[in-house]
Amino acid sequence: MKLSVLKIPLPKIDISKINITQHRRRNNPGEVPGTFFINETALPSKIFVYSYKEDHLEELAANDMADAINFTKNHRGYTHWIDVKGLGSQSVLDFIQKEFDVNPLVMEDIVHTHQRPKNEEYDHFMFVVSRMLELDKGLQLKNEQLSFLLFKDTLISFQEDYDDVLDPVRNRLRKNVNGNIRVLGPSYMLYALMDTVIDHYFTIINRLGDELEIVEDHLYQKPRKQLMYRIQGVKKLMITMRRGSWPERDKLNELLKSTNPLINEEVKLFLRDAYDHSIQIIDLIESMRETATSLLDLYLSLMSNKMNEVMKTLTIISAIFIPLTFIAGIYGMNFAYQDPKTGEILKDNMPELYMHNGYMYVMILMLLIAIAQIWYFARKGWFRD
Amino acid sequence: MKLSVLKIPLPKIDISKINITQHRRRNNPGEVPGTFFINETALPSKIFVYSYKEDHLEELAANDMADAINFTKNHRGYTHWIDVKGLGSQSVLDFIQKEFDVNPLVMEDIVHTHQRPKNEEYDHFMFVVSRMLELDKGLQLKNEQLSFLLFKDTLISFQEDYDDVLDPVRNRLRKNVNGNIRVLGPSYMLYALMDTVIDHYFTIINRLGDELEIVEDHLYQKPRKQLMYRIQGVKKLMITMRRGSWPERDKLNELLKSTNPLINEEVKLFLRDAYDHSIQIIDLIESMRETATSLLDLYLSLMSNKMNEVMKTLTIISAIFIPLTFIAGIYGMNFAYQDPKTGEILKDNMPELYMHNGYMYVMILMLLIAIAQIWYFARKGWFRD
Amino acid sequence: MKLSVLKIPLPKIDISKINITQHRRRNNPGEVPGTFFINETALPSKIFVYSYKEDHLEELAANDMADAINFTKNHRGYTHWIDVKGLGSQSVLDFIQKEFDVNPLVMEDIVHTHQRPKNEEYDHFMFVVSRMLELDKGLQLKNEQLSFLLFKDTLISFQEDYDDVLDPVRNRLRKNVNGNIRVLGPSYMLYALMDTVIDHYFTIINRLGDELEIVEDHLYQKPRKQLMYRIQGVKKLMITMRRGSWPERDKLNELLKSTNPLINEEVKLFLRDAYDHSIQIIDLIESMRETATSLLDLYLSLMSNKMNEVMKTLTIISAIFIPLTFIAGIYGMNFAYQDPKTGEILKDNMPELYMHNGYMYVMILMLLIAIAQIWYFARKGWFRD
Amino acid sequence: MKLSVLKIPLPKIDISKINITQHRRRNNPGEVPGTFFINETALPSKIFVYSYKEDHLEELAANDMADAINFTKNHRGYTHWIDVKGLGSQSVLDFIQKEFDVNPLVMEDIVHTHQRPKNEEYDHFMFVVSRMLELDKGLQLKNEQLSFLLFKDTLISFQEDYDDVLDPVRNRLRKNVNGNIRVLGPSYMLYALMDTVIDHYFTIINRLGDELEIVEDHLYQKPRKQLMYRIQGVKKLMITMRRGSWPERDKLNELLKSTNPLINEEVKLFLRDAYDHSIQIIDLIESMRETATSLLDLYLSLMSNKMNEVMKTLTIISAIFIPLTFIAGIYGMNFAYQDPKTGEILKDNMPELYMHNGYMYVMILMLLIAIAQIWYFARKGWFRD
Amino acid sequence: MKLSVLKIPLPKIDISKINITQHRRRNNPGEVPGTFFINETALPSKIFVYSYKEDHLEELAANDMADAINFTKNHRGYTHWIDVKGLGSQSVLDFIQKEFDVNPLVMEDIVHTHQRPKNEEYDHFMFVVSRMLELDKGLQLKNEQLSFLLFKDTLISFQEDYDDVLDPVRNRLRKNVNGNIRVLGPSYMLYALMDTVIDHYFTIINRLGDELEIVEDHLYQKPRKQLMYRIQGVKKLMITMRRGSWPERDKLNELLKSTNPLINEEVKLFLRDAYDHSIQIIDLIESMRETATSLLDLYLSLMSNKMNEVMKTLTIISAIFIPLTFIAGIYGMNFAYQDPKTGEILKDNMPELYMHNGYMYVMILMLLIAIAQIWYFARKGWFRD
């Protein structure tokens, strides 16, 4: 009964944990726009500076923005990537806002980490938002905002958390593989980071695709409520990923078409590649949503089949035995053979009971009735399928 | 059995009260366009005037429009926000129409409070409509029209009711936080009011999102009709909110692209922010609609599961006991051992009844039948899941 | 049990009468285009002429088109509205075609009253089609074509029936309320008539909205097949109204953007208002379609709940009594105490029957079984909700 | 029980015959484009030539294309319509290709009769495809390709079959009704033929509309599987018709906007009329699809109602009689009055059996139980609706 | 019972094998873009060179790219098609990249065979991707990437596998049928290969269409779970084909509109034909998706009908026999005729048992009850349909 397909065990997941920490706007309606109040749960900021030119890379880990700025000023002619992890330090953000002359509305969007992917151009910088998704083993999706400020020589990135998926870029930067990364300036670094984030979507989609495939195999074997919960869980994740992917594509398209000199022309070719990836992602998500929906339909059909089977079992057993029980009931009646008062023989009262072989005849009758019914149900195909 | 999730109690809501007072056109078909007949249930108008410049704010509460106009005329060089609450005073509206030379069709739209959010430009003023939504504890949605007339120095706002969600703006105006509000003229005030209204949508959406999450947790615990009613209630609210949000976005987009000098260029940046918010709202509403729909599907699946379980219980019990009862019925038949007339022994009539241990054998037979059936159902997996 | 909401009685409607006389093309395929054959069921034409200028109005009721034309010729400098009711008089239509030099294809469209709302511009006139809807008490929708020919001084309107919804316009024309109607020429009259027709859509929508609300209240009280029929009826009407509303909007938009001098520039402002109304109508129809669909879903969920409840009742009663009946059946068996042939005591045959209090013990056993089952079902929550 | 509506009998249709001969591409993948291999089932070509000018018409029926060409050459200054019925004669098609210098890709499209309606312009001719639909009595749809080659003086039409729906055009041509047909050249003939084909769509739609109405009436009377099959059949036809109608509209729109001199300017007005018809057809098809879908929903609701009713019947009967049978079972138990060994009176064993009126009391008890249950079910409304 | 339609046997397919090897991105997120790591499962490359001019064709099969390039260099003035089968040889790909100066991002896309159909133009070449689909007997879809590099004189194609569907093109090239293929240069060869691939889609669609038709016939005969699985399988394939077809159409449209001199103008006409085919494919796929969906609906309706039938069987049998069994139970009660203690006659205890013909009367009563019920069910139509 256990087919080979079931050798892939259904990993145990607490479905109630498949939950996307829904991002909520945290400032109150009517607040002064451009104010950013630091969320009390935000982590204190850690600052990592990477200053590099073609043949050289300097790194700094700081807790104080002033140190970081000094570090970059000491490396004139270098390209700088300032990676700010944790958005809990008001002083760091204030420093950046003043030092780089950033519009307060932008700072607000960096801190209120519920923005859709977008791209805004200002006089001397660009503001870009990506959504960094990660999936842990329990199908729990972490949906973090990754914001960028792109200046002439400097890229500043902002993350909510200390963990990220960006290590491959750091490695490439350190190993200086394939030249481009240290040569094409901060817009290439922006591309490299965004592309890494998008590439990670494929990992998540593959993971969910595997989940759906396992669930499907189990569904065909045996439809269970648990499986339906899991499909619902995947669908829920799909809704979130979809909300992120469409604006991601639009953002990349805008960047591609932008004539802003902050975007190196040579980087456009790479952006086109990233744009292609974003379309593939949308495509895969839509296909998987369709697949998830038809799995749910399949589940419902199978449930309905199962119900049918249950009903047929009940009906067959009842239909066979209820009439037989009735016959037995007949011959269990106590109609008297003799009038007890007069002693007169009441010869029409159940003479079968006093026949030779009456019992045998009744048993044979019952058997025939049962056989007839079984034959009827068989002809109707109730025993097949 | 009660999981921790159920510690969040399901708040009691009378679902039949989840009802949006559907706005109806109140004038009769074929009426002269541009006439505005005051609805008899409309509240008498109260007028609040805010005249301000960078370093000064004067307020006036009046019942008479003439007083208000005089007040603004006494404050030349100030920016004026005239807040009209209640649309029941014909004289107030007539006065405004004549004093500011407003097209009667516009006055009609202000009074017939069923307009979609929109933006109309006229020679010397703009007419803007927002929908102000509020949700009370019983999930009752109040859907009020907030109309604006934007002139060079003056913004007039019209509300249906005395309550509103605009106090944060009044506070900012009084406290003069962050400068802009008293400096950027009536178009900034228009922005500030509209943005506050939109921001309130987020509060409502979060509220409904919480509702859906609680309902989902309870659904997984125990699907109940009451939960389905509540999802239907949220869906109903979503339909209304959606009807308001799409034109809201279009309106803000038009304002953004408008070249009308009544809109201060510096305010455009803020309008872009508000436009972003309107897109986020649409986005959230669509996601929640999808979520609500899949919760309904979940409810139906769970109901179908429950039915299946009920049917299985019935079938197992019937299938086991009906045949046993039949056997008991057999041995309850009264076939005679002896022909009462002749006294002949009818040895084929139910000899089992006269066997040593006949009773025992029958009981064992019944037990075996029951065990066989239980084994069969167990193998079919009817006792699991 | 009867809540206050049920005080609104469900009005009796014969659902089979909710039927839209589907308009059919009456000419045969391949016929010469531009021929108009009068439908034999068409009513004979009645002609009403309204000739007016700012301070004067003359009316004429005629059966003969020649009279009508003479009447208008006698009133040079007046604006004329010729209202043709009933399309059954070939002579009237021929006269109009020749007198006003109308393309035969247009005359064909006037007579074949199945046109979608549309707007066609010709050299010296415009041809406009509206759909005039009316709802009678039995939710029967009358879907009449109202065609217009707009000339420089003259507006000719064509109706299928003698009744219409246009009396408010006639009253305004006679009373000369608010000036515009007699001053702005035939294009204003066109607007006034079209707007009155559209305004009547709101009346119908409100009526259907009330219907849905009453049905919803009754649904929550008690789902019945009759209610489902009514929702289906409203949906059916919605399909028809929607078919009319979308092209109505397109038509008004075209008129708004038209640069044809036949449309008075001052009328454009009013057309924008009518255009707004048409959008509101589409909006309301779409919302109501969604509402009707979720009411049907609600009905199905409630039916499924009801079925569940029926099944639970059956299962509880069967599950309790079938085993008990089996036990009673056991002790109704006739296993002999004594071998009738040998008189030997068969002491293992149902000794319970001969025990002191055997009956009592069995009754107590049965009671315990019943209590155990009731406890089990209660724990599963079958008695709640 | 039989309402008047059922007087319209449900015409007997073999649903399995509602089948559209799906057009298949017959050439093999990778074949040389522009080759046309004659399908072996194609009919041999018959050629009909109509050469006409305003006051004269000559007809010829030929089997040989050379004859036809000669005939047209003998009638210089005439307009020619060459109607080729049956696509099975390679020589005829080759002759046309060479004589009129037609691109082989076009000839391929004429022979492979699975093209969508389309319009292709070449240097000296236009290639137009229509789909000619016919519905026989058994709701069998014949979906034939009608291709046109439009030259300066000549229109060639190609049909798959000898039957067509074009006789009305032939009659108008012969009777020369209303002048245009013989005067406006081959592009008017093209219009006339296409319009006749489109007009025939209305006939089919009306036929299917009637079918749906009859089915609906029967559904309300008594939902049956047969009715569901018929709705599915209509839906199937709708899918085919829709596939033809959308490109038909696009084709007509292209023709309307074409500046090709082959299309007579005076014919454009007629094409606009045909374009209008194509929009009406799309509109009707979409409405009917919606109607068919809601009829299927209605069917499912009614089935679910019926199931409910069946279940209620079962539950009521079981719920009433199972407990009563149990009681009867109790008093059918054989607990002994006397210990057969000792003769001791077991006075607690079923003393009811020996009471005066014990039987009466039990019968009254049973009656009360039945009445209580009936009252309970009645209160729950199980006997209503 | 077996209709002729069932003579077409349902081919046995293991549904769990209807599985599209989902293409996965194989490189890790954050990898250097433009690197192509050869998948370890990729086949070693085989190279086939076709050098041809109008009257001559030379072929070469090589394993080494250098040989292939030499071969083409020895045939100056010829057109070259280099067919690379298997993407497992790094050296071959590196050689091509350097020899033809191809952007590394393009090489990456060739090796990562999960690209959507697309068309990218570079300075001196075009990069085109098609998806080559093949369906084996078990409805297993092989979804291979076919990439093209189009240069001035040379077309290079890349396939994942040694098998393909391109033999018809090779045959035409060898036989030089119809001239064009050797004359119109590499862009015609590109067209010919792409068109062959697309033409193969029709074969697959026809195959799936047949499958759906067979399944439908079987469904009407007898709905079975297996049939539902097969419809699901076809739907799954449809999702994949659709994902390939839409971008295929866009790609062909771009090529059509491209002004790149690499595309021969004379080839455009053929590309238009291929574009037409791609639209027909999309059209067929959408129709088949609709058909598959309505077959699933049909399956569910039929299942619901079947359940109804099962329930009716159960209800009829139970409803008839349960009351009869109750009556038999009544007369099986042991109410005593005589008080055993006093010998008093208890004349009200079941006097029926001692009546003349009591048994007969009861049997007749039972018969009447059964007849009444059967009549009732017949009137309700439970025995029909």
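So that you can tell them apart, the chains are marked A, B, C, D and E in the order they are listed, and the count of residues begins at 1 in each.
As a working rule, a residue touches a chain if its C-beta (ideal position, glycine included) is under 8 Å from a C-beta of that chain, and two chains touch if they have at least 3 such contacts.
This one's a predicted model, so the numbers in the text were calculated from it and none came from an experiment.
Novice: Any chance you could name the chains that touch subunit B and subunit C both?
Specialist: Shared contacts of subunit B and subunit C: no chain.
Novice: By the touch criterion stated at the start, how many steps lie between subunit C and subunit D on the shortest route?
Specialist: Between subunit C and subunit D, the shortest chain-hopping route counts 1.
Novice: Same or different, please, for the subunit A to subunit B contact, judged on whether over half of the interface numbers appear on both copies.
Specialist: Because under half of the interface numbers appear in both copies, subunit B and subunit A meet with different residues.
Novice: What rotation angle superposes the Cα atoms of subunit A onto subunit D, in degrees to the nearest 5?
Specialist: 145
Novice: What whole-number Å value describes the gap between the mean CA coordinates of subunit B and subunit E?
Specialist: Distance between chain centres, rounded to whole Å: 41 Å.
Novice: If you average the CA atoms of subunit D and of subunit E, how many Å lie between those two points?
Specialist: Centre separation, subunit D to subunit E: 25 Å.
Novice: Scan subunit B for residues touching two or more other chains and write them down.
Specialist: Residues 304, 307, 311, 314, 318, 322, 325, 329, 332-334, 350 of subunit B each touch two or more of the other chains.
Novice: Work through the pairs of chains, note which ones touch, and then classify the graph as line, ring, star, complete or other.
Specialist: ring
Novice: Can I get the ring sequence of chains, opening with subunit B and turning toward subunit C?
Specialist: Listed around the ring from subunit B, going to subunit C first: B, C, D, E, A.
Novice: Please name which positions on subunit D make contact with subunit C in the complex.
Specialist: 5, 165-169, 171-172, 177-178, 180-181, 192, 195-196, 199-200, 202-203, 206, 209, 217, 220, 269-270, 273, 276, 279-280, 283, 287, 290-291, 294, 297-298, 301-302, 304-305, 307-308, 311-312, 314-315, 318-319, 322-323, 325-326, 329-330, 332-336, 339-341, 346, 348-350, 381-382, 385
Novice: What does subunit B use to touch subunit C in their complex?
Specialist: 15-16, 22, 24-25, 27-35, 103, 105, 114-116, 118, 222, 224-226, 228-229, 232, 235-236, 239-240, 243, 296, 299-300, 303-304, 306-307, 310-311, 313-314, 317-318, 321-322, 324-325, 328-329, 331-334, 337-338, 345, 350, 352-360, 362
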